[in-house]
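One chain, chain A, links the two complexes that follow: it is found with chain B in the first and with chain C in the second.
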Partner chain A sequence: MKKLFIAAFVLLLAVPTYAQRYITKNGFISFYSSAPLETIEAKNDQVNCALDTQSGFFVVKALMRAFVFEKALMQEHFNEEYVESAKYPNSLFSGKVTNIKDINFYKPGTYQAIIEGKLTIHGITNPVTAKGTFTVANGSIIGEAKFPIKIGDYGISIPAPVVGKIAKTVTITVNVHLNPLK
Partner chain B sequence: MKKRLAFLIISFWFVGTAFSQSDSLNSLMNLFNNYQPPTVYTEASFKTIRVVLGQSVETPAKGDMILDIQHHFGYVNQGAYQFFGLDQASMRLGFTYGITDRLAVGIGRSSYNKTYDGSVKIKLLRQSTGKRNMPITLDYFGDVGLNTLKPQDLSIHYYFTNRLVFLNQILIARKFSPGITLQLTPSLVHVNLVATPADNNNMFALGTGGRFKITPHTSINFEYYAMLNKQPSSIYRNSLSVGFDIETGGHVFQLFLTNSEGIIGQYFIPGTTGNWRNGDIIFGFNLTRTFVLKKPKAFEK
Partner chain C sequence: MKNFKRVLGILFIIGILMATYIWFFVYNKPHRNFEKAKPDLTMSARDCYNSFSENKIHAGGKVLEIYGIPSSIESSDTMVVAVFAFKQGMFGANGIRCTMLADNQQKARGLSTKDTVYIKGFCAGYNGSDVILENCSIINKLKIK
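So, the complex of A and B:
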């Protein structure tokens, strides 16, 4: 009886594991904002990212505190006052490569990709569409994309004294080197 | 039992197929759950390196230099003739540099007793969550002051060591929430030459302080230093300060009311004479400005 239950359970669990998955823990994300008084740039090289080449599902998870700024004070203010990292520690993108049929993940080369999904920053979720590329080489996949977001869409307000220092639109660059999941 | 099991399996299967798409997305996301979150160190327990007069657990980041301009005016109860104390000002100019994120050194000069000071602050423990859990931040702060006033009594021979005043502190702070931080500061002030036999060479004191954020950019701070081995005949009083911090990007303005004339710990901990109840209240401010002298690694070209 017990065996039957376990067997059934294992069978059920085994069903979705057909996919080919690629993953990294050291993906790179940077963002760049240029305002008349100040340029703000931050880099994060500890981004989690996974791609399912069968279904086209694509997930990116970034720890907000891992963003490094040129000025330590900026970093502190970013975490403390703007994105509230204590309350919302991660940003998450979950979506799908919509033109997955045009990409052959088994043949080396660079492929144009369109990725659609939901981006959550500061606890607020918005739909996002980004154009990027997947480069297949030596058994791994390099994903690259660049897209703008409006920080107002994510409930991040800019206080009056620094309004000239922070741009309303921020450009996000993603660069992930994905390896097959063993 | 069998019936129930069959129902369970079927319902599992049904749910499994119906949501297979989003389930696949979730299972992709679940891949990250096995990763241990890295250690996250608590940032910004205080806005700057001081609570009000005394040191906070904060140190400048590696490669950052903080310029420090501190003013204490006269007692406000002196009335309009002294412009409520603003005619008199005692000030200190200082620099603090972060050698690493956990080690800072500083120098300064106060007009009070024409004193030079040199200090070191070391973060021994850092409040953190994640892989490593630490409930508090603990620093050591040491400061040596050199009083360079000309001797008043020329009949006595003064040695160089007579001019030295020392401060040793353990700073223990916990950021309870994004807006509330409290700090305990056991302190020892050693004065090589005291003015009268009624004064202690070694003064032990316990500092308590805290900050309460009002908005992301402003906070109310308080600080109280209680002398522990004060002699009954002593004329000195415990130091009490209440402040208001305003942060504007690179600058922090700390406006405060206190009963202490001295700016460095060696002077305000054992040497405060003002009495709040008599209106011996001093208005003062600290202005700190951070300069980036060395950029972090990711930005080096």
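So, the complex of A and C:
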């Protein structure tokens, strides 16, 4: 009987834990580089993202080869020369929504969010802080954020012939439509 | 002097032709047509997932042809994804996710989750939970029964 009570208690704890995790596998990330000679934009709509609405744990994972460029040559250079996708296939952000207590995930609306964590690209990890929003509607959460990164911080060097074509700081845009984990 | 001008003219024309070639076929070369590409590897969806998740193959950047029974078809206004799910993980069901080419979306929406299908696409790699295939096309869903 005692074992039954313990099992029931564990189950009660486990059920809300699952309901707190929101996920997507079709998250969107783009990066935008504006340099004097060229504007470059790449998009990836196969991004994994998970949010734990109680602890604020927030993780985003993207395959580098899934970024699509307008020009095939740019995509080739990006994968082979800059981010070395064969060696470093994934980029990862892992962090927390620091003001999670200010967000009511049960009440529809748009809430400001501050996300702090570590971003790993090209095998190099740096701390990142981003401001964004979470919009709660119809049982889903839409997360949006935009922040700059310096590509030099991630060991990506720009060769002299294309120095005017690639910006030293690129803007990362994240847009994820999260649904409860079933 | 006349010969010099002729050589200069020929060099100029060669230069223009080279610049045109580089502009169209190098700098602005089109993206690869994955629908027409020959697959580098053909295997069952389960073998493909197991090989990636057990780190047995590194086929990122290659064209894969997989076959199996899809678990579900995820569809939105802009995207259709055929999903082969094998395991539960942090981001939900883990497996293979095949994003269909625009002209294959209609056919993919009609895929059954009871029949075997052959799908070919560009393998973007394994993200720790799923093998991602992009620019996918349906080869012949009646190829095996």
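Keep this in mind: the second predicted complex is superposed on the first by the 163 of 182 C-alpha atoms of A that agree within 3 Å, B and C clash if a C-alpha of one lies under 4 Å from a C-alpha of the other, contacts with A are read in each partner's own complex, and residues count from 1 in each chain.
In the analysis below, a residue touches a chain if its C-beta (ideal position, glycine included) is under 8 Å from a C-beta of that chain, and two chains touch if they have at least 3 such contacts.
Keep in mind it's a predicted model, so treat the numbers as computed, not measured.
Q: After the match on chain A, would you call chain B and chain C a fit or a clash?
A: Pair status: clash.
Q: Could you say whether A:H77 touches chain B, chain C, both of them, or neither, answering first, second, both or neither?
A: first
Q: According to the stated criteria, A:A160 is in contact with first (chain B), second (chain C), both, or neither; which is it?
A: Touch status of A:A160: no partner.
Q: Who does A:A50 touch here: chain B (first), chain C (second), both, or neither?
A: Both partners, chain B and chain C.
Q: With the two structures laid over each other on chain A, which partner does A:A62 touch: chain B (first), chain C (second), both, or neither?
A: The second partner, chain C, only.
Q: Return first, second, both or neither, reflecting whether A:P89 touches chain B, chain C, both chains, or no partner chain.
A: both
Q: Thinking of the overlay built on chain A, is A:K182 touched by chain B (first), by chain C (second), by both, or by neither?
A: Only chain C; A:K182 stays clear of chain B.
Q: Of chain B and chain C, which one touches more residues of chain A?
A: It is B that touches the greater number of chain A residues.
Q: For chain C, which of the listed stretches 9-17, 27-35 or 99-107 runs into chain B?
A: 27-35
Q: List the residues of chain A that touch chain B in one complex and chain C in the other.
A: Correct list for chain A: 23, 25, 45-46, 48, 50, 59, 61, 63, 65-66, 71-73, 75, 79, 86, 89, 181.
Q: Please name which positions on chain C make contact with chain A in the complex.
A: Result: residues 26-32, 58, 60-61, 74, 76, 79, 81, 90-92, 97, 99, 124-130, 132, 134 of chain C touch chain A.
Q: Could you pull out which chain A residues touch chain B in their complex?
A: Interface residues on the chain A side: 1, 4-5, 8, 12, 15-16, 19, 21, 23, 25, 41, 43, 45-46, 48, 50, 52, 55, 57, 59, 61, 63, 65-66, 68-73, 75-77, 79-81, 84, 86-87, 89, 92, 94, 159, 161-162, 165, 181.
Q: Using the touch definition from the top, list the residues of chain A that touch chain C in their complex.
A: It is residues 23-26, 45-46, 48-50, 59, 61-66, 71-73, 75, 79, 85-86, 89-90, 181-182 of chain A that touch chain C.
Q: So in the complex, which bits of chain B are touching chain A?
A: 1-2, 5, 9, 12-13, 16, 20-21, 23-25, 27-29, 31-32, 35, 37-38, 40, 43-44, 60-62, 64, 178, 216-217, 247-250, 290, 292, 295-296, 298-299
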